[in-house]
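The following pair of complexes shares a single chain, subunit A, combined with subunit B in the former and subunit C in the latter.
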Partner chain A sequence: MLAAYVEYWRINLLTMLEYRANFVMWFVFAVFYHGVALAALTVTMLQFPSMNGWNLREMFFLYALWMTAHELHNALFFNVVAVPEYIREGRFDRFLVRPFDTLFQVLTVPAQIFPDGLILAIVTLCFAVGVAGVRVDAFFVAFVPLVVMGGALIDLGISLVIATIAFWFIRVDTLRWVVMSLEQDFTRYPISIYTRAVGIVLSFVFPFAFMNYFPASYFLNKTDVALNLNPAVGLLTPAIGVAWVAVAYAFWRVGLRHYEGTGS
Partner chain B sequence: MAAGAYVEFARKAFAREATYRMEVFTLVGSLILRVYLLRSLWTALYAQNAEPPGLPLHSMITYATVALLMSLVLEVDGTRLIRERVREGTIATDLMKPISVPIYFFSDGLGQTLLHALLIVPSLLFALLLVHVDVPPPQTLAAFAFAFLLGYGVNFFINFLMNSVAFWTLETFAMQLIVRWGSDLLSGQIIPLMFFPGALGRFVFALPFAAVYSTPLLIYVGIIPASQWPRYFFIQACWLASFGLLSLWVWTAASRRIVVQGG
Partner chain C sequence: MPDMTQPIIQTRDLRKVFRTVKRASGGLGALRTLFSREYEDRVAVADVTMSLAAGELVGYIGPNGAGKSTTIKMLTGILVPTSGSLEVAGIVPYEHRKENGRNIGVVFGQRSQLYWDLPLQESFELLRAIYAIPRDRYRQNLKDFVDILQMDDFLRTPVRQLSLGQRMRGDFAAAMLHDPKIVYLDEPTIGLDVVAKEAIRQFIAGINAQRGTTVILTTHDLADVERLCRRIVLIDRGTIIYDGDVERIKSEYGRYRTLVLRFGQAVESPQLDGAELASVEGTTARFRFDRNVARPDLLIRQAGDRYSVEDVTIEEPELESIIRRIYVEGYAGQGAATL
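Let's turn to the complex of A and B:
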């Protein structure tokens, strides 16, 4: 399975080299998308310099951390988002008859996926670490990649749940769009601005706060963390990511069995 | 061609949009979550910083909530049909029909818009559970409605022009999204334009995007006083006229292009 995955990425990279113009286009696209979000944040915080004790530079780091995790998800797992389309067009059924795990096959459908966003995100993160004054030591260097991977897994969990819903309801495009834009809007600010109930939902039901807020609080040495938690909970992000994907995968299996059951 | 046909087109579009009930509910649901988000956000920002002049917290929350409700109507891209028809080539048969095709697209867009306008009612009711929305005096409300109408026109023609690019280059989606994101920020939908500092602030007020969200909203919350209304209406009307004429010209050039190519 690993060999197949390596081969998949080798082909993907060759495709990328073939379509350089597309690569540039998507890069410009990503710059605009995140540029607008960061510009809005900057203009707001010129007027209001403090957001629950977070300044613009720290907010920048908060955004960059979410962005990197999210873009890693887009680079590795974006095909999951296309599952409703595969189902609608009947292309999903062939995955069921092959001797590989269905999800693995979905993840390795040849698609022109360019890691533009991810490259931009890493640049942004490096820059944000610099301006936010994060203390960079060996622990930080070792742990940030794990936080990013954990965050990408949290995102994968959400994509997987939405894809699974498509086994019952064919049209989930609006739902997916709404969830993704709400995720982005709600993770842009420290979750301490929300009421306790919403904070709990964002931490433990849909654990988006672990993608950026908790790890950022830890790395920025924040003392007053939302829900009165110890800042060290930020270190749990990789574990939360794995747990959340495990739950989502179990749900996916249920959906898959339902889908095979109806035989459609 | 009788106006009755265009009313029928609008009715069809309305009915078509109304069939996607699930989507409609999702849309209203997400709007409510957004109202909650904007309340939390602005409350936190006002609690710890100096209040910007002329815009107390209740006005800011009113501004942001009304902007969200406006977006229900303004984010409908009624002229998306042009792009699809051009790509599929069916635009040729549209042009052969005894109708004015641009007015047909406008009617179709209007039908979709009306359905979304109806959604404002439940959305507003739910929003009122979360936030308090100021209601200005009747003449201000009337001025807001008028400015909104002009803004709707400007927005329609901006979309029309964006979609008409499809006549020249088939792939317009990327450019359209970029313009959409830019205009979200520059129209005052996300943040009031007066938060932009100094010269940048004067610049964004001078752009056509300001006519779409900023002008009606600033009239609503009273930042633009009654004495200034004519000035702002005039600017909006100027943009409307310019984009309207530009659209007419682009449309004429585009349809000739299709005929010349043997469509």
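Let's turn to the complex of A and C:
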């Protein structure tokens, strides 16, 4: 399995070199995309110096934490998003006739993915840590990568559930769009600015709050005024990521048994 | 050598029903569909029982929508049957997809399993890693396939730039690299020109003869079957209607031969005792005769005595016309199936 994964990355990087223009465009897009989001954040915060006790510098850290987890997900698991397309076009069949886990095969379809967004995110996160004045100690250095990985797994779990629904309802574009906007819009600000119901959804239904809000609260020594939880719950992010992926994977296995293809 | 005593593929009363939600029409139709509990059942495979010995090369034939592809998808483990049992190389495919995957190779003529953006060679490398093929074995197989299929010229070309014939050759190599015991070929020659078709047919015959690979071939091109298969299985409306020798079906259903005569000058309604006039076109007349009743040499002598004959040909019935007749006569009056 490891050999296959190494081979996949070798080929991926090779094709990346072949499609340099594509790579440059993705990189420009990533810079632009996150640039716009951060600019919007800055403009908003010029109006309100503090939002439920969070200032601009702290919200920059909040964003950078989400961005890193999300970009890690994009670098490693982006192909999951293509599953409905594979099913629709009948390309999914080939994963079922090979001696390898179906999900693993989906994740190793060469798709010219280069971790440029991830590199950008890591740089941004380092910068944000400095700006927000996070206390950098051994615990922080050891735990931030785990939080980021947990966040990426939360992202994976959610995209896997959406992909699995495509086994029954071939078209899931709308659902994916709704969940993606939910993620992008609601992770930008501390969830304490929303109503309690939204906070509960973002914590326990689609646990995006664990990608950035709770861990950031912990690292910045904030108190959680959204759900009155101890900010130390932010340390649960890796566990929540693993649990989410485990549940999503079980659902995926059920979906595989119901796979009916597109006929013919 | 493959074990010839045990069947390598065995199915019993195999059945697949696709259940779809009935779509309501009208403005709120989509909404109603979402909550509807009304289903529509479509029986794709009604009842398929068959058994294949290791090393066989079988043609699986049927009109569009007869259930060929659905059967293949159940055999390969892609689809879970609605009922019935099946075993492929001692394994229930959909229960043990990974083990089954090691035993089989699949070529879907309409869909490539190669990676679109990669050069052919990189696709092969990735498959080597996926199937964990030992390096020596991989090199030997690759060398053999590159030779037989003449892939030298385009091994470094991205798949999307290959011609259909080149891509198909790549797909065949990709399906065979891990030495599968069984290969399923679904329309492998569709859309290919004569030369490419012949190359593919030679390759299929070769792997079957030299490696003892069991082959199931579904195709619309009955010339493939005539050239390659000793046994055919005919399916229609999800049920097997014939399973046996190609030769037997030919002699049972193909009793009629056609005698083609070209006369020196046009003859109006020529006649021969023991043969039936099928058509006249200019100076050429075609007679149909039952080879169990009339002897062709006597017919030719008879024609020579009556008319001035310049040329004589006897046409054997093609498998295609025989099979077309089976489908038409078997279901006459119920909207005959077409091949």
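By definition in this document, the second predicted complex is superposed on the first by the 257 of 264 C-alpha atoms of A that agree within 3 Å, B and C clash if a C-alpha of one lies under 4 Å from a C-alpha of the other, contacts with A are read in each partner's own complex, and residues count from 1 in each chain.
Just so it is clear, contacts are C-beta pairs under 8 Å (C-beta built on N, C-alpha and C of every residue); 3 or more make two chains touch, one makes a residue touch a chain.
Computed from a prediction, not measured in an experiment: that's the story for all the values here.
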Go through the superposed model and pick first if A:R94 touches only subunit B, second if only subunit C, both, or neither.
second
A:Q184 in the overlay: touching subunit B, subunit C, both, or neither? Say first, second, both or neither.
neither
Touch check for A:A4: first (subunit B), second (subunit C), both, or neither?
second
Who does A:P110 touch here: subunit B (first), subunit C (second), both, or neither?
second
So, A:F32: does it touch subunit B (first), subunit C (second), both, or neither?
first
Note: in the complex, subunit C contacts subunit A through residues 18, 69, 73, 76-80, 94, 97-102, 104, 106, 108, 110-111, 113, 115, 117-118, 122, 125-126, 128-132
The answer for subunit B against subunit A in the complex is residues 20, 22-23, 26-27, 29-30, 33-34, 36-37, 40-41, 43-46, 48-49, 52, 174, 177-178, 181-182, 184-185, 190-191, 195-197
Can you name the residues of subunit A that touch subunit B in the complex?
25, 29, 32-33, 36, 39-40, 43-44, 46-53, 169, 171, 174-175, 178, 181-182, 185-186, 189, 193-195, 198
If we count contacts the way the header does, which residues on subunit A are in touch with subunit C in the complex?
3-4, 6-8, 11, 14-15, 18-19, 90-91, 93-94, 96-102, 105, 108-112, 257-261, 263-264
